[in-house]
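These notes open a run of structures that come right after.
In the two assemblies presented below, chain A is common to both, partnered first by chain B and then by chain C.
Right after this comes the complex of A and B.
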């Protein structure tokens, strides 16, 4: 029996197709991308090695990249904080009610499975300076802000709007993850704590909080990587405008690579993005210590 | 399922005869808040449908009102002028093939990783997880250059290749957990009875993992159905574009044909909503099951 489960040939047949595809389409291109990032490479000429010049230009001489980096970091921090807190709050709320839990859960999760390209169009319309929300405000005599056309401030208003739309769309994801974790906690723990005279707040603080901690790693990592590579909503709501004020790393990469065909330069942006994703994952794993509890 | 339920059972213990538990103000506030949340989530979706049935003048004067005359021709125009019919067929084709191929390849690999005995299984498993951490954007340029050389850009087949690859990570992530949660005795018993490994896989493992495959399938399908960036980069022929890309034609400060845009949005998200309503519990539970075990 062991012989059958150790059959080398069968293992090879099972794993090889997926592995080959993975190496050819994902791993090799990553190294190629790193190589391109050190090259002067426009679409029509072959790549020419120029050392660190792309990176130097990125960090010293590129206003748009700086805006994109700033916006992406803002977006990541905003999403991480709001989505984690609100997601956990909703999860605790929903695990505490009996009736309609599935209904509310499914409603809040719904936008996560919808196309953000389509939802982006909807919100872009609602936050149009003339129609949409401002038309409604005008009826009450209030002159609404320019929303997506506003370009003032360190973090311009459109960026906040996009961040809130993303919060609306994706908070269900975190809520779901936390709900799964909380429903997995043994009820006896809570009962024991009530016998010992704990109130609800205490049981949340000393039972729920420590026990959902492993999920914080998963949820926060997904959250941060997701917001760093965020593209669809920004592209369909502002396309990086007005005047590049809402550019994020992904839209900047797309513009440099496929509007201006600066492959080498865009590759340098991809490297920055990749390093940020890996760094964030590592930091989260190191920073959040998980103690294992025997259940 | 935690606190209130527990305190309720405790309360029931003390006041045993009390059938009708008094509705506490806290519960009312929670439900009011949840209804408020539900409105925030559902109102925009209902409103899209309302706007899609108006005419452009009506949208400009009174975007939030009830449509007077129902303009179903918006949908017809969105289909013909926005080429949505082709877009839907393209999306179905690309996502469908990706679904089948990635489930098949991913399921085989997961079975070998989770159930067969070899030294590198853990390493290979971690290796496949790279796909969940690396953003698609990072391989976009090298892949595009390579595909341009091979003549795979501007082809639906070319788009399927990166889709399959990135779906593999998700499928393997979910299926490895799923296979590991199965009792191993079934496979061992079959092996003792002299069943070949291929028969074990096709006649025992695959049929038993239908729930897992369903979840993995839904996840990859939804993900690829909504994918925008790769589809935008790889395909330039309007007849071959997928649904999300076609939708971007309606964007921009000068796009004024709002009713058609909204009809297009409805057409784009209606299938997803239908599938979601049919299987929401399985989808939601399955998605989290995968994440929790990992």
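Right after this comes the complex of A and C.
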């Protein structure tokens, strides 16, 4: 086996199927997308090269794009902070309890495996002005807000609502990642710290935190990229409305591409989204230093 | 060496298998019926809408009549996602053989791109009897440079539906002018009723009222298209102010209610009036059959000295045939079935929409009562207009108008600001061309 793995030809042959698919499904479309972003392309007619015009319009003359960019960045920051903190908190909590651990783990993780489209519709019903939460509030004489239609404020209420639903849905994923990492930390380290007089908080601060740091990079990167390209809940709960106030980059590019047939322009948004994802990943990798504590 | 060779063979087989399976079309046996697809904007299995159920009947009838020869599989989606999904299929080269489409910019795109088939010869030369069966002038909005690009299945007109019991209880009469409408709304509100049910959550519903107010205020879309008039002209601003004024009388939840919820509000007796197309008759009577006897209809009130008060918003549902379909005969057979006497009688007598063929005898005793009222109103109509969002330069321009009206309603923009937004859009995207 070792002899095969040292053979470069054999390695290439093993990698070839995945590499071929990767190129066909990902690399070629990315280059196509970059090319189309410089074109006036309506999908039904041949693309016409127009240089930087799409990008120029995007950054200088597209109010909806600015709203989508703002909302996507808000969504990324909100999700990164809340999902990481609560995910880690739940992971620490559940690794420290003996009874009911699997039950709670499954309950918290359950929304993650459900369809976002179905959940989006479900929450849209719950936040509907006539049924769900508002109907409940009305029984106590309270008039609920327009959860998904309020358009006031820098970050309008529907964006907070969607961010909350996303937190509810995906916090379990972060919890699972951190649990896997925490479970891998040797118990002897904790025992040694207790012998040395450390309390629970100190052992978390000086043992758990440094040792989960590699997972922070993975979890945070996945979290940020997932938030930037977030689509389904927004689409199913508000469709970017009212008047684009809850538009995010993914819904904006969907509308430009599929509603208005502006595939060139939608491709330019996709390129911006791709660059943002790459930049965020790079920043996270540079910003979080990982040191090896155990061999 | 053997292992290496084996690995190479297996890897190659995996890659080839993936490529071949992706590229190979499904095999069709010679005896199989010709399979065609029809795309539609409602779930035919779950819908209660009587017009949609009529369409479902046509599909069943087609599959039974042509059993072994043709077979149609409907592709359905909800209305809100319909255009996006059709566009995605077309862009992916998987255009349905036949699909339903609103008139206006969407159809313009399909026609300009050559996706929709030219039906002129099919209608006029190959099937003259079929062509002659249609009502005069019905092909006007679907004719491009003299070519007929679609076949209509019905047409509908937008009116104001009202609850006769609530009107009687509040002691109000049907208004004929905008000022009277406001007066009626005030009285209804004072009597404890919600005067108008409207959906701003589904922007086109609000936009339909805005379209009427614009038209009644003298806005000329033709002049705007030619840029001999502007969106910032006084008549547009007046229409915006009237929309703001009228929207005070909408239900509290209008901002978030969907079209279905707003319509349900009305047929459940929670609101006195509803501005809707006559397609809503099927939905109202299908969902609450008892309501039919309590539902009256009047035309959207006029504004004296500003514009002709007898113009009416109308629209047709249209069938487009794919220019690339390999099953033209099957598609034509299905289109004929959508427009035959049986389907058209159903359209009027059950669905509550107007037939698009002449010589169809409608039994108004069977037809929804509201249809007769709408037809009476149609007798006085002096001109028609399309939905504003379907009458502007592009789908995006229509959305821009819809969103501006929602912003007026929500109070995010004054009428001046909202119409300036539309004006800016036209300056950047329409008038430059």
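We take it that the second predicted complex is superposed on the first by the 276 of 295 C-alpha atoms of A that agree within 3 Å, B and C clash if a C-alpha of one lies under 4 Å from a C-alpha of the other, contacts with A are read in each partner's own complex, and residues count from 1 in each chain.
Rule of thumb we're sticking to: a contact is a pair of C-beta atoms (placed from the backbone, for glycine too) under 8 Å apart; a residue touches a chain by one contact, two chains touch by 3 or more.
Owing to the predicted nature of the structure, the values given are computational and were not obtained by experimental measurement.
**Q** With the two complexes superposed on chain A, say which partner A:91 touches: chain B (first), chain C (second), both, or neither.
**A** neither
**Q** Go through the superposed model and pick first if A:10 touches only chain B, second if only chain C, both, or neither.
**A** A:10: touches chain B and chain C.
**Q** What is the contact status of A:107 with respect to chain B (first) and chain C (second): first, second, both, or neither?
**A** After superposition on chain A, A:107 lies in contact with chain B alone.
**Q** Once the structures are superposed on A, label A:58 by its partner contacts, choosing first (chain B), second (chain C), both or neither.
**A** Neither chain B nor chain C is touched by A:58.
**Q** Would you check which partner chain A:176 touches, where first means chain B only, second means chain C only, and both and neither mean what they say?
**A** First partner only, chain B.
**Q** Where does A:258 make contact in the superposed view: on chain B (first), on chain C (second), on both, or on neither?
**A** In the superposition, A:258 contacts both chain B and chain C.
**Q** More residues of chain A are touched by which partner: chain B or chain C?
**A** When the residues of chain A touched by each partner are counted, B comes out ahead.
**Q** Name the contact category of A:146: first (chain B only), second (chain C only), both, or neither.
**A** Second partner only.
**Q** Would you sort A:244 into first (chain B), second (chain C), both or neither based on which partner it touches?
**A** Once the two structures are laid over each other on A, A:244 reaches chain C alone.
**Q** A:118 in the overlay: touching chain B, chain C, both, or neither? Say first, second, both or neither.
**A** A:118 contacts chain B only, not chain C.
**Q** Please write out, lowest number first, the residues of chain A touched by both chain B and chain C across the two complexes.
**A** Residues 4, 7, 10, 13-14, 17, 21, 239, 254, 257-258, 263, which sit in both footprints.
**Q** For the complex, give me every residue of chain A touching chain B.
**A** Result: residues 1-2, 4-8, 10-11, 13-15, 17-19, 21-22, 25-30, 32-33, 36, 90, 93-98, 100, 102, 104-111, 113-126, 131-132, 135-136, 168, 176-177, 179-185, 187, 190-191, 194, 200, 203-204, 208, 215, 218, 222, 225, 228-229, 231-232, 235-236, 239, 249-250, 253-254, 257-258, 263, 266-267, 270-271, 273-274, 277-278, 281 of chain A touch chain B.
**Q** Which part of chain C faces chain A closely enough to touch in the complex?
**A** So the residues of chain C touching chain A come out as 3-4, 7-8, 11-12, 14-15, 18, 80, 83-85, 87-88, 90-91, 109, 113-115, 200-201, 203, 252-253, 255-257, 261, 394-396, 399, 403-404, 406-407, 410, 412, 428.
**Q** Which residues of chain B touch chain A once you look at their complex with the stated criterion?
**A** Counting only chain B, the residues touching chain A are 1-7, 10, 27, 30-31, 33-34, 37-38, 40-42, 44-45, 48, 59-60, 62-64, 105-106, 108-109, 111-113, 115-118, 124, 127-128, 130-131, 133-146, 161-162, 164-166, 168, 172, 187-188, 191-192, 195-198, 200-201, 222, 225-226, 228-229, 232-233, 243-245, 247-248, 250-252, 258, 261-262, 264-265, 268-269, 272-273, 276, 280-281, 283-284, 287-289, 291-292, 294.
**Q** Along chain A, where are the residues that touch chain C in the complex?
**A** Where chain A meets chain C, its residues are 4, 7, 9-10, 13-14, 16-17, 20-21, 42-45, 61, 128-130, 143, 146-149, 151-152, 239, 241-244, 254-255, 257-261, 263.
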